[in-house]
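Only one structure is covered here, and it is reproduced in the block below.
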Amino acid sequence: MFVHNKRLQYTVRVSESNPGLANLMLEQFGGPQGELAAACRYFTQYLGEDDPGRKDMLIDIATEELSHLEVIGTIVGMLNKGAKGRLAEAVEEEGEIYRAITGAGNDSHITQVLYGGGPPLTNSAGVPWTSAYIDTIGEPTADLRSNIAAESRAKIVYERLIALTDDPGVKEALGFLMTREVAHQKSFEKALYSIQPNFPPGKQPPVKPFDGIYYNMSQGVGDLRGPWNSDENFTYVSDRADQSAVDGGDGRFSVQLTAAEDQVVEQMAARTMSDPQSNPMTGTDLGAGVVIAAPTGN
Amino acid sequence: MFVHNKRLQYTVRVSESNPGLANLMLEQFGGPQGELAAACRYFTQYLGEDDPGRKDMLIDIATEELSHLEVIGTIVGMLNKGAKGRLAEAVEEEGEIYRAITGAGNDSHITQVLYGGGPPLTNSAGVPWTSAYIDTIGEPTADLRSNIAAESRAKIVYERLIALTDDPGVKEALGFLMTREVAHQKSFEKALYSIQPNFPPGKQPPVKPFDGIYYNMSQGVGDLRGPWNSDENFTYVSDRADQSAVDGGDGRFSVQLTAAEDQVVEQMAARTMSDPQSNPMTGTDLGAGVVIAAPTGN
Amino acid sequence: MFVHNKRLQYTVRVSESNPGLANLMLEQFGGPQGELAAACRYFTQYLGEDDPGRKDMLIDIATEELSHLEVIGTIVGMLNKGAKGRLAEAVEEEGEIYRAITGAGNDSHITQVLYGGGPPLTNSAGVPWTSAYIDTIGEPTADLRSNIAAESRAKIVYERLIALTDDPGVKEALGFLMTREVAHQKSFEKALYSIQPNFPPGKQPPVKPFDGIYYNMSQGVGDLRGPWNSDENFTYVSDRADQSAVDGGDGRFSVQLTAAEDQVVEQMAARTMSDPQSNPMTGTDLGAGVVIAAPTGN
Amino acid sequence: MFVHNKRLQYTVRVSESNPGLANLMLEQFGGPQGELAAACRYFTQYLGEDDPGRKDMLIDIATEELSHLEVIGTIVGMLNKGAKGRLAEAVEEEGEIYRAITGAGNDSHITQVLYGGGPPLTNSAGVPWTSAYIDTIGEPTADLRSNIAAESRAKIVYERLIALTDDPGVKEALGFLMTREVAHQKSFEKALYSIQPNFPPGKQPPVKPFDGIYYNMSQGVGDLRGPWNSDENFTYVSDRADQSAVDGGDGRFSVQLTAAEDQVVEQMAARTMSDPQSNPMTGTDLGAGVVIAAPTGN
Amino acid sequence: MFVHNKRLQYTVRVSESNPGLANLMLEQFGGPQGELAAACRYFTQYLGEDDPGRKDMLIDIATEELSHLEVIGTIVGMLNKGAKGRLAEAVEEEGEIYRAITGAGNDSHITQVLYGGGPPLTNSAGVPWTSAYIDTIGEPTADLRSNIAAESRAKIVYERLIALTDDPGVKEALGFLMTREVAHQKSFEKALYSIQPNFPPGKQPPVKPFDGIYYNMSQGVGDLRGPWNSDENFTYVSDRADQSAVDGGDGRFSVQLTAAEDQVVEQMAARTMSDPQSNPMTGTDLGAGVVIAAPTGN
Amino acid sequence: MFVHNKRLQYTVRVSESNPGLANLMLEQFGGPQGELAAACRYFTQYLGEDDPGRKDMLIDIATEELSHLEVIGTIVGMLNKGAKGRLAEAVEEEGEIYRAITGAGNDSHITQVLYGGGPPLTNSAGVPWTSAYIDTIGEPTADLRSNIAAESRAKIVYERLIALTDDPGVKEALGFLMTREVAHQKSFEKALYSIQPNFPPGKQPPVKPFDGIYYNMSQGVGDLRGPWNSDENFTYVSDRADQSAVDGGDGRFSVQLTAAEDQVVEQMAARTMSDPQSNPMTGTDLGAGVVIAAPTGN
């Protein structure tokens, strides 16, 4: 069960209203790398997890992400507070309000007109949050890697937001939130490597020798070797002939159909056959100005 | 520039039509962990990348993923081939066609009715593919971790699909595709660790001491310690009082408004004030059967 | 700040695995009327709210909805638990696994193949949750009405789920969750009507006489009068002539353009003018079998 | 059957082109609270409704909303008319066109570049309209409440748009549209309360005593009592121990598995067990600059 | 202005309840090729159109499509009518209701559980309708071609639905709807070709010689010539060297940066440089069972 | 199998950084009419196609569209290159960075803050690409028409982008891409008309006389005749009585229910009946200031 304490995890002190900055902060509220995504990611893993250690860790961190969602949402709310009543109360001239709304230079108009200055669960372009952002698949050796990556991304987006503001209270709170992503990444890495083995993930062994081959699929000026494709680590295959039909077959495709299936397939083929010998007049001919009268009885 | 060779990277031999299985295979065609997502992920990173080694690796792997998209799409096409003409040519009784369409026991009806038996870019539930699945953010120390995780997830979904079929040709091709995810994961790991340092990702240093704290946010039977929250690795904070307002402030929020802003905020507050002293009649009263005549002149 | 207690708000006892039922339960986990939607709805309103009473109520209820999300998610997890390891460990014959996956008769295949048996944030058709479900607009006299309606809808969907299962533990927990929607509706109604006046919502007065007119736009057998369009409550307008151009104008549209604007508009009109006097041959003629050779030099 | 009359329901007179304002008006054309959403909401309820009075009312109002969609769409079209041909005909210098497109200060670029100056079914941020906005569930005591709330929201968004423009013709038409939402809300309220009882919605009775309890889930400075949680109306529960496991159980979760299910669950648990006694080296160690050569034979 | 007449455009007589068939019919109600998409497509074009003939035609056909939406929605409603009350009234045993819901063999469960048996604006997989289906761009020589294509697609999906049912009333109504798509296609073709010239669409002339070249990008067994790439109609380019850098340049990419831009680009490059000479240990090494103790002071 | 050649199909030379222009170019990268949509459209048709000529053509063009995706993505990357490192390295004052980000005057902020200056698969408003843009249905006489239309649209959006920039290298590359759409349209038209007959598309004949009727559904000032509704080509029906119930029936709807179905339908009707004789007090009365004390024992 969740309970709530009215003290924030981190005190939020904002120097002045700034709906344009508020809008950018939405990235970490309702954006793909934001705190709702983080909380939902770990919470759903927690529900599906049976390992006692990981289960405990996942709900600890999920709960903290919810508390971070509250911090970043509070920042958005404070930055919007001055603008919030403007449209609702409409005490200024219309022209002034219009200029204020459109003058912020980014998508803050949607926060103001559609969402009334509240913090909506969208990214900074106004795109609604979707659980398509969450890549949990219910296998811990994959999910923990997904979590590690997610923490890295969140850390970076916080860096970018920090670079955008000189409001000391906002900067400080963002610095805290950014740092916690680092701590969470550490925990998830410990949890991943305390499963042994964890690579390859899952249960099925890879098929030899394909797990040790690097296909040099793009060729030309710019080809470069490094540990990711070195002879030390991989068999490096550049010959185009060795890159296709690597099973030794003919590289074609086939399916065995029943007689009844064959019949409808052939019937459809006959009906929709294109005649390679023809050279029909087409809509481009008609459209390029070759005027021809419609046949009678159209 | 991309060019195409009519030989597949892996020969596809399917034993018999099976639209229900085709539908499940869509997960790796147009699903979140599928080959289109993989190809788009690495291709967009390639376009944004300036480091010569990573740029080369990303386009090599992106190109191979497109070739995998062709292999899995070909499998879907072959499994659907027998069913494809049935609706189009409609040579059976309607009742039989209806039973065939609905009897497959999963969502293959959408592939057949809406998409005509072709392989659509949807997952196995018919949900259209969206680039919201792609988590590229343009910072290599994060993006490489995202790629590592993505390869892990794709490996696992292939495992699950392999477990679902006993068609030897399908099993073999899926085994190849699964294995290549393992090889790609290796390359991305090598690329990540050949950047040094790569942790914490990005440029901004974490704020001490918050990168070394583990907040025990969920408490009760089931609390457990492990390397992810051990005293060796973390400062473990369980006291609720030490979990909130960790900056030492009051845990509240504030913003400094201008006088004009204050005025509209107050005006809106007054207009929408809720009176805690009242106990008004409500719609639930009216709806629970307390019949009261409408006032005259409504 | 949110904290978590490992005891659920309501004990969950499930009698047996049932992935098909689990899938239906997703409606109240990641569906539009489900608990994530409820929690996010009230939590975002809380962040944007300044009235102390409503702010407190909104976070009380938002927190409880998160705890409900945990209860329903736990039910989904328990119902899926038996099926969860099947694909991952793949100890059965492939054919059996395939039959088990597709035989449940609804979309549970996606929960199993893509999400590994965990509770995903989708509805029962596998559609990802989106914040487009949340209709908060930042005006309490509208938002409270939205909340009242949302609680009604959630109550009904719980009713339907209760009708689908005879597992006593599931039924009991669903009954609790259903009932809490009733309690929340009561609170939101009290909060709405403790704002006076709250109708019409907002600040701008309606334009007379249009707020008292009922336009009988659909006519024919089936027209019926009731309090929603009675003469007592409304002016009832059936005459088609009185339904259009109700401002007394000509019912047309116009805009004043500058000379430069006029010029490009006319230029575009000339370029794309359709000639009503022509009767051109078209693609349907060409496609209906009127074979005409392509002109030379195409 | 729908038929169309070329006179608008309200005459539209626009003073001058303004693509920036046009873009904001899209909120009520293709936005979540806009006229398409309203029309679709009532039209789908009409199709599913069997009660003769409600059925008639729903199609009356649905039809009027379509006519409103035409009015707001016409406003958008007129505001964009001057800008429409600019890109198409491209008679100005490129720099000027670019400045005109990007200088409007909001998202009008998408209306111009992608949609050619026509009114697209998106909101003001360019987000495509989705039927996820529609919350119809096929139970009138819930749907009517949803309609009441939807009319409130639409009324408010019109208020905001009215505050943004000083074009008298636009203001007047918006005032009409806003007012009609008020009239529709009245009709839906009459329809709701002419069903008796309508609370609780649906058929299943609430479970005592949970429909009369208010859980004070968020505690701290800011707790406040009002009619929504007063002792007069509710049992107010603040004790944390009385908020969890309210059924009197242990607050845990369980499911009875078959022996075969148990076996795969245990097998998966063993394979993915995390060792709480370990303290493994992790990727963060490797990434923080602890350089260690790869083992031979990688 | 739209008005409504209570007589349908086509009488709907359904022989018996069939929620499974109802679900498939949703393709033409809320699916991508369905009637809402058609109506919205032509209605938005009508609003943006200035040519008097096309404007009149577009609203004629848009209005008829709305009337078709009513017909197909009525069919869905009738097919669901028997199932509608079942969940709501819950007079049967739970087990029976569950079997009825899941036994239909397709996604009708969502229509019943979430939407209460009403016709929702989704496709047959439960995917919400989105205006992303509409490809109007505000240029008539493109939009009319889009309309022609849309009518073709709708005609085909109706064919498939007709093949699925033997209910004579449903079949007959679907036949009417299918046929009207044919009539509309004819009108749109006439409208397209009454603009002369209409090819190439738009205003900018193509760049010679690239409009007359066919690049044979895919090579191997299966290459085939026809009028779409014949020497008569195109210059056929197969030589790989002539397919890249067709402008005669080097096929590379470049941008001129300012000194300040150069500096940050180089700084980022240095920070994220991957060392091709290294062969670092990676997470796959750690995860493959190479157990190494974490360094002290982690 | 796809392979990649490091030379672009067209050399990209960009004169200077311009993140605002980069953002607009996204329309043809990740927008609905862009190159990913084109490549996916033809590639999925290729996989489902059995006709040898069309199959070859589709993969030729799909491959070329992937190469175009690389060209337009490279343009976006170059235009963003100067801005890319700014946020990452953060060497300027925060205020300057904020002004640079928000000053571009369109949605380029999202490309920079969320995507780090890389080319994301979104349109110019930041909306993620979705396969809902692709209208392939697996019937060549429809799909080829969809392709013809898609090429027209893409041609037009390129025209608009060309009009927005005076950078000669960008203009030249866009001119090439625009022209190739013209060439592809020609090929698709040849392929369509080499199927004979191709109209009406599909197999089912239209129902007479409905394929030859034009319903004048919208009436009033502005009615106009042309070849799309001329007496020469169509039977023109204006009489409202002849537009409804065109089958000669009563224009009503019906379904035959079983006795058990009838019973639950009636039960639901009784429970939710609205009383047309009542005039109940409603929430609008309560909300308009009619203060009434709540009944005791609420």
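Going in written order, the chains are labelled A, B, C, D, E and F, and every chain counts its residues from 1.
What we mean here is this: a contact is a pair of C-beta atoms (placed from the backbone, for glycine too) under 8 Å apart; a residue touches a chain by one contact, two chains touch by 3 or more.
These numbers were taken from a predicted model, which means no experiment stands behind them.
Considering the contact criterion stated above, the chains in touch with subunit B and with subunit F alike are A, C, D, E. Subunit A and subunit C touch with mostly matching residues; of the residue numbers seen at this interface, over half occur in both copies.
Chain centres here are Cα means. That of subunit C falls 21 Å from that of subunit E. Measuring from the averaged C-alpha position of subunit D to that of subunit E gives a distance of 23 Å. Counting partners per residue, subunit A has 1-9, 32-33, 50, 53, 59-60, 63, 67, 74, 77, 81, 84, 88-90, 104-105, 107, 114, 116, 122, 125-128, 130, 132, 137, 139, 141, 148, 156-157, 159, 162, 185-186, 190-194, 196, 199, 202-203, 217-218, 221-224, 226-227, 232-233, 240, 243-244, 251-252, 265, 268, 271, 274-276, 278-284, 286, 291, 294, 298 as the residues that reach two or more other chains.
Interface residues of subunit F, counted against subunit C in their complex, comprise 141, 186, 192-193, 196-199, 221, 224-227, 230, 232-233, 252, 274-280, 283-284, 286-289, 291. Against subunit F, the residues of subunit D that register as touching in their complex are 1-7, 50-51, 53-54, 87-88, 90, 93-95, 97-98, 101-105, 107, 109-110, 112-114, 116, 122, 125-128, 139-141, 148, 185-186, 189-196, 203, 227, 232-233. Chain contact summary for the complex, subunit F toward subunit D: residues 20-21, 24, 27, 31-33, 104-107, 123-127, 156-157, 159-166, 217-223, 240, 243-244, 251, 265, 268-269, 271-276, 278-284, 294, 298.
Against subunit A, in their complex, subunit C makes its touches with residues 1-9, 30, 36, 40, 43-45, 47-48, 50, 59-60, 62-63, 66-67, 69-70, 73-74, 76-77, 80-81, 84, 88-90, 114-122, 128-132, 134, 136-139, 202-204, 279-283, 285-286, 290-295, 298. Remark: subunit D residues 5-17, 32-33, 52-53, 55-57, 59-61, 63-64, 67, 74, 77-79, 81-86, 88-89, 91, 130, 132-133, 135, 137, 139, 141-142, 145-146, 148-150, 152-153, 155-159, 162, 172, 175-176, 178-180, 182-183, 185-188, 190-191, 194, 199-204, 206-207, 210-218, 222-224, 226-229, 233-234, 240, 243-247, 249-258, 261, 263-265, 267-268, 271 touch subunit C in the complex.
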